[in-house]
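Which chain is which? They are A, B, C and D, in the order written, and residues in each are numbered from 1.
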Amino acid sequence: MGIQVAFIGLGIMGEPMAKNIVKKGYSLSVFNRTAEKTLPLREAGAVAAASPKEATKGADVVILMLTDPDAVDQVLDGPQGVRAGLEAGKTIINMSTVPPSYSRNLFDRLKSGHLAAIDAPVYGSKKPAEDGALVILAGGIQAKVKEMEPLLLTMGKKVVYCGEAGQGSSMKMVVNLLLSIMATGLAEAVNLGQKCGLSTETMLETILSGPTHCPLFEFKKPMLISDNYGAQFALKNMTKDLRFILQTADEAGAAVPAAHVVFQLYRAAMGRGLSDKDYAAVKKVIEAMSDPNSVP
Amino acid sequence: MGIQVAFIGLGIMGEPMAKNIVKKGYSLSVFNRTAEKTLPLREAGAVAAASPKEATKGADVVILMLTDPDAVDQVLDGPQGVRAGLEAGKTIINMSTVPPSYSRNLFDRLKSGHLAAIDAPVYGSKKPAEDGALVILAGGIQAKVKEMEPLLLTMGKKVVYCGEAGQGSSMKMVVNLLLSIMATGLAEAVNLGQKCGLSTETMLETILSGPTHCPLFEFKKPMLISDNYGAQFALKNMTKDLRFILQTADEAGAAVPAAHVVFQLYRAAMGRGLSDKDYAAVKKVIEAMSDPNSVP
Amino acid sequence: MGIQVAFIGLGIMGEPMAKNIVKKGYSLSVFNRTAEKTLPLREAGAVAAASPKEATKGADVVILMLTDPDAVDQVLDGPQGVRAGLEAGKTIINMSTVPPSYSRNLFDRLKSGHLAAIDAPVYGSKKPAEDGALVILAGGIQAKVKEMEPLLLTMGKKVVYCGEAGQGSSMKMVVNLLLSIMATGLAEAVNLGQKCGLSTETMLETILSGPTHCPLFEFKKPMLISDNYGAQFALKNMTKDLRFILQTADEAGAAVPAAHVVFQLYRAAMGRGLSDKDYAAVKKVIEAMSDPNSVP
Amino acid sequence: MGIQVAFIGLGIMGEPMAKNIVKKGYSLSVFNRTAEKTLPLREAGAVAAASPKEATKGADVVILMLTDPDAVDQVLDGPQGVRAGLEAGKTIINMSTVPPSYSRNLFDRLKSGHLAAIDAPVYGSKKPAEDGALVILAGGIQAKVKEMEPLLLTMGKKVVYCGEAGQGSSMKMVVNLLLSIMATGLAEAVNLGQKCGLSTETMLETILSGPTHCPLFEFKKPMLISDNYGAQFALKNMTKDLRFILQTADEAGAAVPAAHVVFQLYRAAMGRGLSDKDYAAVKKVIEAMSDPNSVP
């Protein structure tokens, strides 16, 4: 634990993840664009830096938990960026959700700068992040992933080694595609039942007592019953991820007929002002496409 | 248990369901179009009849577990049919998967013949049928469903009262819609990962360690890993159910954009000779629509 | 022209079609459920009957131009129906849009009653019906179609012999599928352009000056420019036809991925109160699914 | 005509377009990556240059007809690029199909280099290019488009002014979206008819005698009848354009449900080795998704 860690990006996910690192005794410096968000981390024992460069200075490992490829590029490059502060031989773990092609490219760019890169997006949302119970999807050189495992396990219950650089990101595409289709399926099924005159409570009770019983639907159950979609994972972020998924599928030559439909529904949801709601709010779009006058 | 029960339709689901009735001590007569299928029931203590009419004679309750509305009509009507053998005041429990509109209509037809009707399709496949662990989705007059509950609980772990006549069938549309979308989502996600070069085992391990962990995906895991789809629930039956779902959604004015895509994929799967495979075999269609030459 | 003709169904299409028959000197009796609609025909020289049976009495040929299979069945059967009035050896030309399977079945039913049947739906809407310029899509015994050609050509500019019984209906499925996809494509393209800030007039001018120049888009041009969709062909009827098309495709094993999307859009349009508008009004649904806040 | 013109990109479209410029008496220098393709132009009177820079030297107007944004960037930038050869105050007309956002950005980049930019993609394929009968979709400063109109009319029959920079590209997105949906609709309708047992010839004859009569379907008619898809416009290029269309629709917040389906079909067609066929070959994919065993 003599390792010095820098953590950049203290959003809904990043904050609890960084906290878990500090709690386990690592020496941690943090940076966030909006500085006040560093307060909880400072209280927990981390040092707040004024720039990515400053956060990174002297660090052995830099962890990035940012919105998208552009955000990662901005944090890495430039005079105040990570690369300006980091010595050769160090490691960057990018836990942001980005397309696999971006991760492969980043690996090569960093390698040519004598830095190691791991793509390690996480499977799980806010609650497992707080509990240190995320599933971490890692791509890169296997020995390097192994070396970082103790650090990663401060944030997660499990590290899945997915393959070479980019494969952590690939796995993230796979699970987010599944999540978005399942959330849409749940919404479509529940809306059908409502139009048929079934009780939403009874539907969720049924769905959760058969082979479709899963944590995801347990999370979404109160949202569908209350018709109130406080964000666990914001719809705009799922929409962004679906963009990456469609791009990845196009590059990989994989047919994704359901993903295209789901993307259109999420994109329409954003147009209806649901961007900051939970992605289960896709239900509102399916409802709006339905016949308001039909009687069961 | 002085109740006399008739059970018609001893298919993959019907046979274990009927067996559980007899095991619990009910007096049971059975009928199946292919007579040899009555053998295991006779061994278990049931009496085999030569026609629906004969099976029904003297029965208090008649249970139907048949393929589709046409099969139900054929068993009910005609000189050797159920209605020719059944006395006024008795009850017919239709556990077949049929559209809600058919169930409502059947209820009215039987009512005018002084018979009570319950629509009670089941949620769960072969294994829970054997274990008496089905979830039974009941529609009809609530007092009548209550009265039949002890009998129904010989076959299932739970009876969900869904509402008036037809609402059991409505609930079945809801859960089968969800199942078909989830199976397609799993297939699409796994195929994407394969095209990206991920290991199928690792994908399933990941999916089953996060919020998408559910019995359904556990059942399908060995199928996707072995690329071998022995039927737990035949693809042709899911395709038939999707036809009912699309019809029900059209009547109810419910938008079902994903269901339309899923139906097209299942219909295409039938064209590829996958009718008798498990419905998880929709994976083969998504694969065939993908680019065989792409390299991860 | 010694032929005695009966015409049943004087809707938007039926009225001008029947008028063209009478104008060419045929002796014509007509029936319509709403009796006042027979007035223009009586003024043109036709005789109005009180029932299908009465209209049919003494007729050599009976033409049906009705909404759907149920309407055809109601007119044919029963004590006041066509079949009660028609002698053996006569011919029924069903010009209603129905599924091919219905037409094949009708042919067999009538044949066993010693009546000849032709399925002869029309390609073209109100204006060509008035001008006697319809394209008539005929299925049945070829010699019989040939025999009826002079009569059919009073209503149309061309008779296309499509094959045996049902194939006229099949061809109608083909052209209506194409029409519905093209109308949706036009709506989707124009909506995209509007969101990009293009002028609707300029778009239509462009579309009509290239390889996409067609009468259909000329008909729809003023609708899209004025955003006002007076029905030339009602959206609810196109929706009904799409139902027949999906059913026919399912029976024939033909993949129809675009048709499924188009059907969902039309069904949603009906839910928005657009049933009686022209089917080009599907534009309103695509618009409603778009982002109202986006700026070009 | 004292204007000196440079033309870069002599592909299927570029070659006949450049020829028409030279034929009308303009002084023309040309560049193409594969040098031998300049031969027909040299024979027609043009001068072949060794680099974009050389071609551009002394030119008043530079016309680009290239595959995609990357190709445009490569030709413009670098030591041998267009911008290295072009004097301030000159005009670049980009006739390549690119996303509107790229065109807007290019306009700004060139403006800051004191160059004028017009985006002017064309509507029409090889034959109208040879005949000088293209429809030219122009975006940019209106006076500048007016000034270039005589030059543009050597290649086309009509210049449609679509609006400010990027709007020519927007219009191109609109017409190509419509073309791709119509080609898919034709393929889906013809495949349905074939599965129903109709003759392909009779279908095309019918389609071309009604409101769907258009040059596009006349071009595709022999392809569908012969099942042989020699490229007038290559499927891979339409797939690329659909990528731009989906991206543009996403940015503009326009719902494009049919475009998503069509893109998936074209992407699948590329996986089946149809990249260099005409885009009407999407028919082969729809066929492959259909049931080979169904009997009409």
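Quick notes on this one:
By our rule, a contact is a pair of C-beta atoms (placed from the backbone, for glycine too) under 8 Å apart; a residue touches a chain by one contact, two chains touch by 3 or more.
The structure presented is a predicted model; accordingly, all values stated were derived computationally and were not measured.
Seen from the C-alpha centroid of chain D, the farthest chain centroid is that of B. In a homomeric contact, the two copies may use the same or different surfaces; for chain A and chain D, over half of the interface residue numbers are shared, pointing to the same surface. Inter-chain centre distance (chain A to chain D, centres taken as mean C-alpha positions): 39 Å. Taking each chain's centre as the average of its CA atoms, chain B and chain D sit 52 Å apart.
For this pair, chain A with chain B, the centres built from the Cα atoms lie 37 Å apart. Residue numbers of chain B whose C-beta contacts span two or more other chains: 253, 255-257, 261, 264, 267-268, 270-271, 289-294. Within the complex formed with chain C, the residues of chain B that make contact are 243, 246, 250, 253, 255-257, 260-261, 263-264, 267-268, 270-271.
Of all the residues in chain C, the ones that touch chain A in their complex are 257, 264, 267-268, 270-271, 285, 288-294. The touching residues of chain C, when paired with chain D in their complex, are 100, 123-125, 135, 137, 158, 160, 162-163, 167, 170-171, 173-175, 177-179, 181-182, 184-186, 188-199, 202-203, 205-207, 209-216, 219, 245, 248-249, 251-259, 261-262, 264-265, 286-287, 289-294, 296.
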